[in-house]
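A quick write-up on the structure given underneath.
Letters A, B, C and D mark the chains as written, and numbering starts fresh at 1 in each.
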Amino acid sequence: MFFQMRKVRKSFGGLVAVNDVDLDVQKGAIHAVIGPNGAGKTTLFNCITGLRRADAGEILFEGENIKDLPTHRIAARGIGRTFQNIRLFPYLSVLDNVKVGTHLLNHTTLWDTALKTPRFRRLEGEVEEFCMELLRQTRLLEKKDQYARNLPYGEQRKLEIARALASKPKLLLLDEPAAGMNPAETAELDDFIRSLKAKGITIILIEHDMKLVMSIADTISVIDYGVKIAEGTALEIQSNERVIEAYLGKRRN
Amino acid sequence: MSKVLKGVLFLALALGMVCSVYAGGKQEKAATDEPVYIALTAPITGDYAEYGNNFKRSVEMAIDKINAGGGVLGRKLAVLVGDSKGDPKESATLAQKWTSDPRIVAQIGDFTSTCCLAAQPIYDQAGMVQLSPTASHTKFAQGSKWSFSIVGTQAGEQPFIADYAYNKLGLRKIAVIHINNDWGVDTARYFTENFKKLGGTITAIENYFDGEKDFTAILTKLRASNPEALFMAAMYNDGASISNQRAKLGWNLPVIGPSSLYSEQLLKLGGDAVNNLYTVVSFFTDDPKPEIQSYVTEFQKRYGLKPNFHASLAYDAMMLLADAMKRAGSFDRDKIREALQATKDFPGLAGSITFTEKGDAIKQYTRVMVKNNKFELFDKR
Amino acid sequence: MFVQQLINGITQGSIFALLAISFAVIYGVLRLVNFATGATYMMGAFAGWLTVQYVSRNIFLAMLAGLITGWCIGYLIEKVAIKSLRGVARIASLICTIGFSIFMMEIATVIFGAETKAMPSFFNEKAFTLGEVSVVWYQLFLVGTAVTILLLLQVLIFKTKAGLAIRTVSLDFKTAGLMGINVDRTISLAFSLGGATAGIAGVLGSVYYNIVNPTMGNLQGLKSFSAAVFGGLTSIPGAILGGYLLAIVENFGVQIVSGGYRDIIGFVILVGFLLFRPRGLLGKKTSL
Amino acid sequence: MKKLNIAAVALGSVLLISFPYIVPNPYLVRVAIMCGIYMILASSLNIVIGFTGMFSLGHGAFYGIGAYTSALLALNLQWPFWVTFPLGGAMAALFGVLIGVATLRLRQIFLAFTTLGFGEITRIVILNWDSLTRGPMGLPGIPIPTFFGVRFSQAGYYYFILLFTAVVVLFIYRLYRSRIGRAFIAIREDEVAASHMGIHLFGFKTLAFTLACSIAGLVGAFYAHFARFISADQFGGNESFAILTMVALGGTGSILGPLLGAAVLIIFPEVFRFLAQFRMVIYGAILIFVIVVKPGGIVGVRGVFEKPVQAIRAKHSHQKGGR
């Protein structure tokens, strides 16, 4: 298995945000995680990337437990992510934001930098080219010199994905990529995510836009109150009673 | 506009500013009606402003007096004052400024030995007299043939004080408190050495840093060593504070200290607490000599306060310089140095001045004591 | 002798404690270190001195003058510099407080001259001795007054509406604003309070040491800042404890080691606490 | 535009190189040298404050450590300047690493306080360690560096510091546009996002801090041999605050800012010497005025300054929970 979570648990004080969740993601798949607000989806992501340390369980990536690794080491293994509330580097240009994303691919040393060695030029040139290409793909090329904070919301989301892609991740975690996008943009996003899949990137997706989820997800996991209540294909989920309950709130008092 | 362009513009602006400084001090026209300039480097602001301002007052007064008497060699004198803030870097920068100004023939200052030492290489290289009224650091005057100090080193003063303590006051056991700077360390060291040589005992030594206001802890500790007297290597302000706090601790004993304690400020700040304090002076405001009385009256009239030891030294420095110029018969920097070096028994307010080969002054001292909140001659009793 | 050092420490600590509170109140609401605190202390002392010199030789009047001066300076710093810099990174505000510190110190030199002034004593300076220990009346007065002020401040912070506002803002000022607390006024109040405490401390300190001069606040401010960190920077009881403990430890340090290392003690405590217990003695995460 | 730039750079270089000959005034050359020294100090501190978004209030201490290291080696062991100069930087870097490793894991404001304390401790240790540092007596008579047997003239010092400044500025410029510099800025902008890009926060913070310290140490070593007399009070808290002020006044996070700040704060007091005792009053007032009117500094990158206090605070509490 490419990516697995085994009985992962995370609680804050008395509140159990993630309760013994198991998750299996196939290589090259698009796996969506859905659930009502506050269900613990983002906490799940935070546990994967090491932003929060899971209290118990195992997180296996390519067969190795990454649960206790620090964030930057997890990123180095090939896991990229975007954030629900967009965390760009606001006072870096669009291009530089993406360049920061290539941090792990670029191995220039302090000496290379200080002396501007041929190696430095070559590597920086490659980075530049690669980032320009990414911006071209995400249609942000004309805005490459603007501060990231000056982009409209939708483009900021796209930029964040571009930045995550810049590290050439094997696994990409997208936290509500369609939030705040209009239908046309969402459709564009749909195509874009498919193209990523075509390149062989495995994707875990948190999303509230059900149309998008149903359209692209190979597998869907549903989380409620930190517990995984269902898993299956789009069709299976749509007909799952517990899911409907959770969303329509029948079960709630 | 690109960043680079901005950078160059800024550079041009900076250079322009620098040049304007240059232009500001450069209306050189060595006509004979132009005064001869003396530079004064002193801390006009900052921690030592009090001493620097006294320098300034005295030097200005001395220059007015010289000019009223027709100046030197037919030319009037004028002073250019530079504020060093007590910062060695500023002192050095000023040294560079003075030495590169052809109108200036000699420099008086700075106040602290540290500042003087920082500026020394520059005067040395440029060849200009660096006459410090107060620098007593043993390495200062001997560091360059251009450097002179008229305060006298602690190596000269402390044997006298040790003798005062041991033979005149009959003290055998003394505790030492000193400020932890170059001057304080030197003072305490020379006193301790000389006092021990005479057969006395130093019961304890403690130091404090500049800026410290609370001495109770140190005093309590010193008190436990049961001394007969306290030696206090401090400037008069700290001296008053130490005395006040000593009195608050109910610790009454004779106090002895170097000439820097001699100031009306000590009496004003210390009140009753500074009675029974013994020190030596080479300048004494109650000295009946007419030149001293006229200086004291004039100073008081002009600035509303009594001059202290430091002020008198600055006055002496200026008078000595004028005298050296007269003897040199020239305003040539080199000639002034030679004349200064040859100074013998110059009658200063703070005693007569004779320079050693190294450029230190040999001083004579008078014993004084504080009684009823007044300085009195010790030997008159 | 140790008892004597303890008494010395407690007296000195009273001044540290007042200044440490001044740091803590301001740091509490704005997470800003007010580097003008030492200069405010000095200005308070000068106000006291002027009162004694030209109005009346009354220590309470002098303290009132110190309080008002400190209050106004705190208010002014907040109005001129801090308010317009809110929402901007703290380094700007920090530099501004440094600017104020330089400005006040130098303006005092220009106005009053650099000469150290004598502050008269108000009480009989004769020490009375109990066994090995000597105390003067003023020490008792100083400690008593400091403790009274500290208690009053505690009451103000914990029992009044304004105090509640300060505590709420110190927790989170966005939320405090949403809850209808006038954040601007509260921050302004904190600055004024901090200034006033420093101003009074200036008068009390200058009477104890009998001197007033433009540079008297520099070292005092820096050390009190260590005391405040010692106590946790955001906690008023912590600041008080920090002030007293620092002074006592310093005095014992002189007794045991040497006067030359005295100042190092405060800073070693500062660094040590930051490394091993950054919350200080009593500091909680974000409350006063 | 490009041509204009090259022309401008050429013009600037010519101006700077010929400076000691256009204005053959030792005083002005000295002011220029002091400008150079503080430009480097401010630029190095800017790596910490402006690029990486950390606070340091003890930069003067590292400057002093470099100065004392170089001076003591030259005085006691008669080592040549060209050996002691890098060693001054190395010693400062060593202390930088130690302080950095100890503090950088804590909230950033603690770095500020720790460095403040460290600065004072350094000063007091220098003052008390008589046997090594000659304590308060300072170190006079530090030898003049030689260049192929020829002793530095004032112009020699000038060209050395000019070259040094140019190298440092060029280095920082390249750093700014490299992976490492981008990592620094990313940390300043958003630590959480930065760590998700694979940036080792602690490592890069330590690197930034150490770099800054080592550069300060190098300047210190130069200063010792230039001033030829050093004492502890030249490297105390006031010095740290002065450097900090230069960075903040000129503009944090920009390359030009610290250069400008240093030049203004060194030249200003010289130009306004005629104000006598009002000089420092006005200095204080102008400092307040500039910061209030232009909080980002004269040419600062606004980003460093526009982060609302609230956001910074939220970030801290967040991090704390995250650890």
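Assume a residue touches a chain if its C-beta (ideal position, glycine included) is under 8 Å from a C-beta of that chain, and two chains touch if they have at least 3 such contacts.
Everything numeric here is computed off the predicted structure, so don't read it as measured data.
Enquirer: Averaging each chain's C-alpha atoms to get its centre, pick out the one most distant from subunit C.
Expert: It is A whose centre lies farthest from that of subunit C.
Enquirer: Can you give the whole-Å distance between the Cα centres of subunit A and subunit B?
Expert: Those two chain centres are 72 Å apart.
Enquirer: With centres defined as the mean C-alpha position, give me the subunit A-subunit C separation in Å.
Expert: Chain centroid spacing, subunit A to subunit C, equals 50 Å.
Enquirer: In angstrom, rounded to a whole number, how far apart do the mean CA points of subunit B and subunit D lie?
Expert: Chain centroid spacing, subunit B to subunit D, equals 34 Å.
Enquirer: Roughly how far is subunit B from subunit C, centre to centre by C-alpha average, rounded to an integer in Å?
Expert: Between these chains, centre-to-centre, one finds 35 Å.
Enquirer: Mark out which residues of subunit B touch at least two other chains, giving numbers and ranges.
Expert: Subunit B, residues with two or more chain partners: 45-46, 49, 180, 209.
Enquirer: Considering subunit C alone, which of its residues make contact with at least two other chains?
Expert: Touching at least two other chains: 106, 109, 260, 263.
Enquirer: Which subunit D residues sit where two or more other chains touch them?
Expert: Within subunit D, residues 124, 127-128, 277, 280, 304, 306 contact more than one other chain.
Enquirer: Which pairs of chains touch each other?
Expert: Here the touching chain pairs work out to A-D, B-C, B-D, C-D.
Enquirer: Please give the residue numbers of subunit D that touch subunit A in the complex, ascending.
Expert: Of all residues in subunit D, those touching subunit A are 171, 174-175, 177-183, 185-186, 189-190, 192-201, 207, 301-304, 306, 322.
Enquirer: Please give the residue numbers of subunit A that touch subunit D in the complex, ascending.
Expert: 49, 51-52, 70-72, 75-76, 80-81, 83, 87-92, 96, 99-104, 106, 108, 110, 112-114, 116, 120, 123-124, 127, 147, 163, 167
Enquirer: In the complex formed with subunit C, which residues of subunit D make contact?
Expert: Touching subunit C from subunit D are residues 49, 55, 102-103, 106-107, 109-110, 112-114, 116-118, 120-121, 124-125, 127-128, 237, 241, 244-245, 248-249, 252, 277-278, 280-281, 283-285, 287-288, 291-292, 295-296, 304-310, 312-313, 317, 320.
Enquirer: Please output the residues of subunit C touching subunit B within their complex, sorted ascending.
Expert: Those residues of subunit C that touch subunit B are 1, 4-5, 8-9, 11-12, 106, 109, 113-116, 118, 125-129, 134, 136, 138-139, 205, 209-211, 213-216, 218-220, 250-251, 254-255, 258-260, 262-263.
Enquirer: How about subunit B: which of its residues touch subunit C in the complex?
Expert: Touching subunit C: residues 45-47, 49-50, 52-53, 177, 180, 206-209, 211-214, 216-218, 220-221, 223-224, 237, 240-241, 244-245, 247-251, 265, 268-269, 271-273, 305 of subunit B.
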